[in-house]
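Note that the chains take the letters A, B, C and D in the order they are written out, and that residue 1 is the start of every chain.
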Amino acid sequence: MSALFQLEKLFVAYHGVDAVRGVSLSAPRGAIVSVIGANGAGKSTMLNAAMGILPARGQIIFDGAPIHGLSVEERFFKGIALVAEKRELFASLPVEDNLALGRFRFRREGRAAAHAALDEVYDLFPRLRERRRQLAGTLSGGERQMLAMGRALMGKPRLLMLDEPSLGLAPLIVREIFRIVVSLRERGVSILLVEQNARAALQISDYGYVLENGRVSLEGPSAALQEDARVAATYLGFGAHRGDDGDDDADGDDDAAT
Amino acid sequence: MKKAFRIAAFTAAVTISVSALGLIASGSVARAADPVRIGVTVSSTGPAASLGIPEANAVALLAKEVAGHPVQYIVLDDGTDTTKGVANMRKFISEEKVDAVVGSSVTPVTLAMVEVGAENKVPVVSLAANAKIVEPVDDKRKWAFKTPQNDRLMAKGIADHMAANGVKSVGFIGFTDAYGEGWLEEIKPALESKGIKLVAVERYNRPDTSVTGQALKLMAAKPDAIMVAGAGTPAALPARTLKERGFKGPIYQTHGAANNDFLRVGGKDVEGSVLPAGPVLVADQLPDNHPSKKVAQKFIADYEAKYGKGSVSTFGAHMYDAGLLLQAAIPAALKVAKPGTPEFRAALRDAIENAKDVVYTQGVVNMTPTDHVGQDDRARVMVQIKDGAWKLLPAGK
Amino acid sequence: MDLSIFLILLQDGVINGAIYALLGLSLVLVFTVTRVIFIPQGEFVSFGALTLALLERGQTPATIWLLLALGVVSAVAQVWQGRRTLSARRVLAIAGTDLALPAAVAAVTMLLAPMKPPVAVQIALTLAIITPMGPYIYRMAFQPLAEASTLVLLIAAIGVHLALTGLGLVFFGAEGSRTEPFSSAMFEIGSLLVSGQSLWIMGVTAALVAALGAFFELTLTGKALRATAVNRLGARLVGIAPSMSSAIAFTLAGFIGALSGVLVSPLTTIYYDTGFLIGLKGFVAAIIAGLASYPIAGAAAILVGVVEALASFWASSFKEVIVFLIIIPVLLWRTWGAPVVEEDDH
Amino acid sequence: MSTPAPINNAAADAISSDGRAPGGRGLRLVAPLAALAVCALIPLVPGLPQFWITLLNYIGLYALVAIGLVVLTGVGGMTSFGQAMFVGAGAYTTAILTTRYGVNPWLALPAALAVTGVFAWGVGAVTLRLSGHYLPLATIAWNISFFYIVGNLDIFAKFDGISGIPPIAVGGFALSDGPSLYYLIWGAVALAVIATLNLLDSRVGRAIRALRGGVVAAESFGVDTGRARILAFVYAALLAGLSGWLYAHLQRAVNPSPFGLNASIEYLLMAVVGGAGSVWGAILGAGLVTIIRDQLQDWLPWLIGARGNFEAIAFGVILVLLLQTARDGLWPHVLRLCNVRPATRGHHAEAGQLAPRARSAGEQRADGPVLAVADLRKQFGGLVAVNDLSFVVGRGEIVGLIGPNGAGKSTTFDLVTGVTPPTSGDIRYFGENATGERARVIARRGVARTFQHVRLAAGMSVIENVALGAHLRGHAGPVGAILRLDRAEEARIFAEAHRQLGRVGLADLADRPAVSLALGQQRIVEIARALCLDPSMLLLDEPAAGLRHREKKQLAALLRQLRGEGLSILLVEHDMDFVMGLTDRLVVMEFGSRLAEGTPEEIRNNPAVLEAYLGGVA
């Protein structure tokens, strides 16, 4: 597996603070890579910089070519999609319009193709089909996350970056979302998953990075990280030893970067 | 402490560069003391731009040499803004060392400039109409003169014409500004003296897109005639609306409307309107014995040669007249003192005040210590719009 | 005031209100998509009306030179801003929209203007000259400030307004112009005299509002504009570049402004600086609508027109005072009782 | 996303750039004094054309107005297009008094200020409720109306205006020429600068500066934000009125044209171009705009060979270009050029203790619950967010409010903190009814809080944010602040703020801009700010979110210590482990109702809780 996406010595300053300090990571094709770390560790900042929302220093390479100077839109056209922490939906537009706009880059391809793409997303998220006429702003938290992912998938990304998909969701919904993430890998979409919910993330990913204070403090195959004592103590919490409490670590808050 | 030092250093640097610039500027000012320097500030932008632009244009036609002395004109725009007008005035006085100032185009700006003129003892020749600029001649207004006819003179023309044509009641619609206000003040007594009743007074703004409400209100008062006090093309809007709403009586305009753009925009809607104006407007139709005929024709010919056919207006003529007035006064002042001195300015003021039989494009002027306009009925003709052109009405009709 | 006068005033107010409505809609559109409070909107009205007036007289309007100049500057600005990532295709596209298009419009105008073409052609030329100025101005003045605060954008808009007003004076002079009505027909409905021109205004306004509605509801591009308005970042994340949405919004602003000018110029004399006040009244309507709702902005614009007409009848000296102060109670009513809303100031 | 209020940062620079240094007053005065000395010398520069003095005079007049806009717009975040109208109020007052009633200009000054102040207060009272983009438009409306009202009323002499205004005289010497007025005008500017810097660096100033950080946060510490807004508005208007008074006596004639909307636009433009975040920027902007205007008039005809109306065009273009190169205004660039960094605040360790907050009788009693909520209900339309909830928090008790997302915890929190009024029910603090009371009233009862989404004022340093918490423990008003009579109290407030920062372990970050801290640290700063209120009760909204394990332990220790000191604490938290180990009792919510209540041990073993909260996976 060659790397689809790489960050090399990425530095991001945000609000005068060096939020990301020299992060290097790589996401192989067809894999799920997770980045875990506490709130404020710089995870979201890193993703936002990777998408071009925040300016950064260092190398960002996609599919072998540097994309550093490209705008958010141009990166999207290259095949990178970000499902942001705040979902960034079009609240006053119906679900179906949100999805249709996800295909904006293919707007010249005609109706049939658009319908096919829409059906594909509806098959993945049947709940969205039921809610197709509903305004995005009236959806529940889980539905919003599904819509945000569905919208991103409409653009046929090769790399899907997910920022805290479990944020604020009930455990049942989290499980469903993660199941879909895994199914996306099977469809050939590479995934970069940023999560505070370390256990869930490590369970489904192939490789993991631990971010601390804007630096990568640990990395390795996810299975190995799960066994790592430091990770267990710090990120899996005391809850690691006791049932499923860890799921609730997902609180309603943002990284410094959003 | 370090920062305190830096700020002080920065301030000092600014000061030094400012003064250096100043020195350069003052160096450029130190020219030969000989020429007579005239500062001209007119409203070439802002609401009165339609007055200021032809006025500024006319400066190019003014005498460049009087009695062997070169005359220089420094033209600035005041944007129809009092603050700017006064700043220009101060610039003229302190930086350009002018001997007299011509301007501004409108009354409010002039009124403020007159204060500065009196304080620094510099004569001011205004191009604005209101009699307040020069009346009464007190310590302050001693230094103020103006070339446009008093609105009173013009208002009298209208009232006379109305009386002669059996108008018993009048509706008035004017600008919501100093121009409309000034006219209202003058027309009231003029009408009263002829026993004509003013039955309705309405206002509108220069850029208004509709005066339907005002027109209806005026017509509801059932006046025999309606007069419109507006300057330039905006004066056409009420006439049009009144016609549209079926007003059949005569419509009077003021001399502020007297330019060709007014005819262009007004078209058939202003056909038949009557207005008082300076003789220059109908120079070719003036009887040959009218004193202004020649001067006016020359002005028109020169102006149109420079700015194109049909471009002439009475506003430019006011500037031209100011030039004529100064031209008449400068020789006397030159006998007393050298230009650029307070003595010269005082002498110039005295000479203007004593100007006798100066022929304007608009009548003949005789200044007195109590009259700083100096015009008589020769400065006004009554004009009617016929076939899209200005038509001189015979006197007394 | 009897009923017939009231009806006349109402009619007058509604017609003026229709123009305010067009401008109000345009202001709402530009603001929601770009966060620019587009003060110079009114200048497009003046430019449109006066360009048409010149064409009517068989003269070549100087606005074509402005169009060319703006196109060139816009092209330079775009090439400069994108100097790192520019592709040959992109350069060609820029040359097409910013250089070739204005050159073609200018050439056609110079060719046709002396021939005094039919009114429809004159209007088409006017719209073609003025409309592209919208996006050019956006690229020059606002795109480099895209991420700045609303206040900075507002001040930039004022700068553009000052420059355009000055240019208007240079191009058209201080005196105004009026154009021939599209229709000189008069209809009598009861005591009411309705001019053909006013029917044109109402008709075109209604058609334009309907067309805008269809654009925003039915086309993907229209939805993309709405998407940008509700969530800029969200739009970027699906590849809708704010610069594209903004350029479209400014194109519409240019078009609506020019069209308003064309519509209103037979009714009244338009001056180089008339647009500002008309624009401000459109703005009053837009504000009453909270810079968000198109239908309310339209209704509010009609209200402003009617209040203005009535005020000009009752107290013409204080007409502007009345027109502008009606927004105070309206705004108070809108915000009163509403809980203190946290402005997250973004 | 877009604009993290860069103006604010500039504000922070400017406000502390008066050279405040640990040494105190002495050094702080050096910079202004040096500047003053240089300014005083300007008219004496040999060969300086007199017109430059005239220009400087105008710059001074404009600068006064622009400085007001710094307080109003740059710091307070309220955009006003009405400043020319307040200049007009001052100018017309003195014009009428001096010409018609022969009043001495000096006596007319207080009258001019009073009229302007009352006028601004009236306009502000009606208008300042309007937020966001409504306020600028409302001020446009006022200013246009002012213009036509003045132009149409006889007492203002209509559009012609009033002329013949006497010059200001000092001891029989009339200040009618440029240089003598120069000293008067720039003296006024110097006073305005000092007053403004003093005002912004005070208790009242913090309230104004906190407006941009969020009304809710300021209100929650007892700041009457409505009053702070009106204060900023009136202050800006007073400076404009002062400028108007000077203007009338410089110009010697007034009419409506200089007080129209265009002039207001120009004032705002000056402030923004120079840098609306700082008083120096305002002066720079006033100077720049005036000089560019004047120079364009001189140079343009020479440049393009034609006299015409190109000034406005060139000016507009220059303005846009200026903004594109320096969107926060030019002053921050000047600072960077001179390499000036914001000074740090002294530690005031020697200052005395800040007096404790006055406590009510109920608060002083030792018995009864601190917070008692009964049948609390909140409906949003058809949705019942909080459904007849009842619970109590006793003295010296830590109570946790937990529940799954969407259970109504945050709404409950908003209800008990006075952010939103309940639909029905009863809230009592210390036995006194607080149902439907506003946040600042609840703060007065001794209740301090933190926020789920951190609300620190972006333009202020950490310690200034913390000092805002002590707002209710200070008394200095705007006048005292301007006259610097508040120094002792300020020193005590900052000593207290420092003490609380030290307590939460962030003392070494005191002078950092608040926004530069990591989110977890910002939460802790919020706790320090809450402690500055000297509260009897703390309401904490997810305090542990974003903290690392060790930090959570430290926070828990701090909260236990506070409980030991007699404080009662209610906290909403997601982190079960954190809550379980810390609280005395837990209230579990689901779907807006109370699902269970009890000790952590009871809750942990409650099957209903496990079912609801853990999604039935236990």
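FYI, a contact is a pair of C-beta atoms (placed from the backbone, for glycine too) under 8 Å apart; a residue touches a chain by one contact, two chains touch by 3 or more.
Predicted model, so just to flag it, every value in this text is computed and none were measured.
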Labels of chains that are neighbours to chain B and to chain D:
C
If I rank A-C and C-D by number of C-beta contact pairs, which comes first?
C-D
Find the geometric centre of each of chain A and chain C from their Cα atoms only, then give the gap between the two centres in Å, rounded to an integer.
41
Using CA atom averages as chain centres, what separation in Å is found between chain A and chain D?
38
When centres are defined as mean Cα positions, the distance from chain A to chain B in whole Å is 72
Counting only residues that touch at least 2 other chains, which ones in chain D make the list?
1, 148, 152, 308-309, 311-312
Junction residues of chain B, two or more chains touched:
45, 49, 53, 176, 203
Taking each residue of chain A in turn, which ones touch at least two of the other chains?
53
Which residues, counting only chain B, touch chain C once they are in their complex?
45, 47, 49-53, 173, 176, 202-214, 216-217, 220, 232-234, 236-237, 245, 259, 261-262, 264-265
Mind listing the chain C positions that touch chain B in their complex?
5, 8-9, 12, 15-16, 19, 166, 169, 173-178, 264, 267-269, 271, 273-274, 276-278, 308-314, 316-317, 319-320
Given the complex with chain C, which residues does chain D contribute to the contact?
1-3, 5-7, 73, 77, 79, 126-127, 129-134, 136-138, 140-142, 144-145, 148-149, 152, 212, 214-216, 219, 225, 265, 268-269, 272-273, 276, 308-320, 323-324, 327, 420
If we count contacts the way the header does, which residues on chain B are in touch with chain D in the complex?
1, 3-12, 15, 18-19, 22-23, 25-26, 29, 44-45, 49, 53, 56, 75-77, 79-83, 86-87, 90-91, 94-95, 107-109, 111-112, 114-116, 119, 130, 132, 140, 176-178, 181-182, 203
Where on chain C does chain A make contact in their complex?
84-85, 220-221, 223-224, 226-227, 230-231, 233-241
